[in-house]
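Same chain, two partners: chain A is paired with chain B first, then with chain C.
Presenting the complex of A and B:
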């Protein structure tokens, strides 16, 4: 029904405009900005604007002792700090040729997997919140806290643990710890059907996430994508299986993958990884009582510790993708040069910029969260 | 210049009404207002650093800061608390200052994490600002690397108590000693640093003009001040239509 005086008017064509998202915005993970050029609500171009979290890690580490650097390594990626520690420690061990006791290696795997579970729960919450479903965020946060409680008991810190040192780990598990881990894992597994109902099979979410931010396998390989984002395009590549470190060779687990390569597939891969991580952690819990021995091999006085000259490149699979440290020593008490190869730098800058072209404005936040990028690691 | 825009000389405060309060209930009323203020706080949390990761647990089901009457707010204009969660790099600090100046008073700043207190872990970093209260007045610091959610809640409780007692008034310090804060900002960002907010005019407006409001640093401000241009939407419709039909910007033809 038209009003009486209605007359079709010729509107000027809507023109391009710019929109800044961030650095402080609920749709952005952390302190990070994204500049968009839009036409209507279609994105013509996206430009990442990083640097808000830059601390100059690689420079800072050159000025500190090998052992002091342990304290700042986890701070590179806040939601998933353990892989940072472990891969730095692995690099130092490789340079010094240290033999790590087996028990310490199993303890490291336990930590890595618990950290992966915590990080994935965090990501589900954030991703769901960008589609307007805040309950998942509340649930994920509450369940993640259970894992953080375990970390606190084991290491003394909720988020940053600094539990690994070159040569092993700092202390052994407390009494009854494994039972509590088992109970938490059982509880988390029993929650999965609830999460399925709330998020993974919920049509509100499925319809929003399907077909958003799609990349093909060729594109993913070309852009340096790793981790769950790569596995969501159908390529089963996982450092834990293809270049095993610690005791992953002795463990049984699947590499989940999906074909679609969109936000939906990436979330599903993470959900399946959660199950696999629970499975791995269970195996560690079962194996640990049988593995006796020390948790640390002797190291020289850490305050006057000259690491032999050489360079080491060690990589691990973090919850975001392949994470590696390149550490060079010139035989001194401090690293000569360190470099982090972080997954988020590719995901949050190149990949996000490319995926945002042609996307709709409301999907930008979702694309970023589904890539699980971690701004502090982009900036270092 | 007409008479209307005449500004008071430096150092003058605008005449503020200081009538005697005759209502015997005035104090009771003040108390009530402060109580209400302290129990409904909107918080703008700027995730400047890693401390931000302990805020989701503090806000959601487990520690639940909403029971204290504190809720996140997304825009600075409506927020009461500015939460600076962790190290502030120089690039971020500019945004934090812009955000702070846009907030309406009374406003409170909480510095979470050791990094805001003294630089913390990054004391020798070339990229971070070390002490937050060099650049803006801070009401409460919550130290720790990183502080647990319980510590965050305890800090917020402390702020609530301060507001109720009427002692949380560091925001006035920003007006009274603007020269000092601006000087520190200029040392970091360069002499031509300026923000869109006219803090000096606001100080006059609130009657908070102190001996430290103006000084050599604010004099620099005037020297470098560029007139703020109103951003006008320039819509050249014929050109846009022409561009749309692929004729290039030169070929302005009639579009039917």
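Presenting the complex of A and C:
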């Protein structure tokens, strides 16, 4: 067996040197490596290297029952697991033709938006840390924990909820839960001015983030960029509005965008999305008491459940961009094939490689965090 | 604007020979196309009907039919619909043409499919290993790849019986699944 990643090294010119960021490095997100070739502080070439976190989920899911796979889906992206669950469940529902009760759809939206808030707070912290500002990370982690408390109360799990099942959700909200959601949302909103002072208007951060990792709208479209990274180049596209699912058509929210397309613009878009997510979550909190009825439709015995043959491609907007599952059934008790399309498969690999050329070494970590790369989505 | 583009799309899909179009909903269109016509279809979809976003390329191994199914999901920001173009290629030799010149993101998906299914895409910029750097087995996502058999043939198992567990078991306790009940046990392999 060969040593890991062995290949004959071509000899670079004497002024060039190589530097590996990762797989274990504070400047990298997750178990992922980014291999650089540099001249002085300037990056000549960057190569993404995945595989340190490969768990073979897509193969694993082919051997497990439709219902068992629910436990796998959220584990694909740790910071923002809910869109993974919802997207897979939507695909199974499309294959089976299940009608999801309205109350369950609203509950899913509430969960999705809370997850987006938690993921963005996480990202701000990581991004700030790459510029040497660790306080934002501590604040972000502490505030994210309040959202995780809500998840724990609603679903029993803090990070992996496995709350969505085909046909609806597992359980209804506990007594007084909506009040606690409201209080948490109020608190998070009251914290925003503090975050502005600490990070978003902090000149240390602004000066570092402006002009870093800039891409134009044409480049973003060419490279398949989605989500906040695309909106930071001025294109107001959001799957929630333009390819709506669940009850997003009934909700009022803006699609924030920026023009600059750099790390700073991407952060600002996420900052504005936080406000919009709080706004959506408030609408759900106000609407839920009026929406009565069941939280799931009847499904067959899940341990002997043959899903009709066919294929479904379901997209949702995760905190990182367009997330989709392609699920194929051949009429059996297990999926014939599942394929996950994570937004990071674009911006953590090709886009990061392209943006790093000509960048300075100290901006590489910041570029990666400002793109909100999630390596587990690449590795699966 | 988008109305004009949808007219282009309808014209395009009606006039092309040898494709089968099914509208599954207002924003989902399924197209079945022969492998030799697929690049031309994508070129037209992108150039004439604004389908600029390649969302994903999925591969399905239909082993009983001896075919790989490749599905190209493309989205139009202006029309607001997703076209899934399905095509089937022979499983052996499993060679197809790259659409990298039409869609840049295809490089990632083609590299991934090459790694996981062994389909070679001619003209793709990089067909080197990405995730399975040290892997020297067959492409693992193929249906004829048996994970369990591979693991049994390539890895040694060790029964988990640390001292602390033996002490607990001596007092009548233990873990929920006892080592001798484990599904993969070295003992079973030795016995067989």
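Here is the rule we use: the second predicted complex is superposed on the first by the 366 of 380 C-alpha atoms of A that agree within 3 Å, B and C clash if a C-alpha of one lies under 4 Å from a C-alpha of the other, contacts with A are read in each partner's own complex, and residues count from 1 in each chain.
Throughout what follows, contacts are C-beta pairs under 8 Å (C-beta built on N, C-alpha and C of every residue); 3 or more make two chains touch, one makes a residue touch a chain.
Model, not experiment: these values are computed from the prediction.
In the overlay built on the shared chain, the residue A:158 is in contact with chain B alone; chain C does not reach it. Contacts of A:45 after superposition on the shared chain: neither chain B nor chain C is touched. In the superposed model, A:333 makes contact with neither chain B nor chain C. Contacts of A:362 after superposition on the shared chain: neither chain B nor chain C is touched. Contacts of A:23 after superposition on the shared chain: chain B is touched, whereas chain C is not.
When the shared chain is aligned, chain B comes close enough to touch A:79, but chain C does not.
When the two complexes are overlaid on their common chain A, residue A:349 makes contact with chain C while staying clear of chain B.
Contacts of A:142 after superposition on the shared chain: chain B is touched, whereas chain C is not. Residue contacts after overlaying the shared chain place A:172 against neither chain B nor chain C.
When the two complexes are laid over each other on chain A, chain A has residues 51, 54, 56, 59, 63, 379 in contact with both chain B and chain C. For chain A in complex with chain C, the residues that touch the partner chain are 1-2, 4-5, 49-51, 54, 56, 58-59, 63, 221-224, 226, 235, 237, 242-243, 311, 313, 315, 322, 324, 326, 328, 336-337, 339, 341, 345-346, 349-350, 378-379. For chain B in complex with chain A, the residues that touch the partner chain are 44, 46-50, 52-54, 56-57, 60-62, 74, 87, 89, 91-92, 95, 99, 121-122, 124-128, 145-146, 148, 235, 237, 240-241, 244.
Note for the complex: chain A touches chain B at residues 12-13, 15, 23-26, 30-31, 51-56, 59-60, 63, 71-72, 75, 78-79, 122, 125, 137-139, 141-142, 144-145, 148, 158-160, 376, 379. Across the interface of their complex, chain A is touched by residues 27-28, 52-56, 58-61, 71, 73, 75, 77, 80, 82, 84, 103-105, 107-109, 112, 116, 130-134, 136, 140-141, 145, 147 of chain C.
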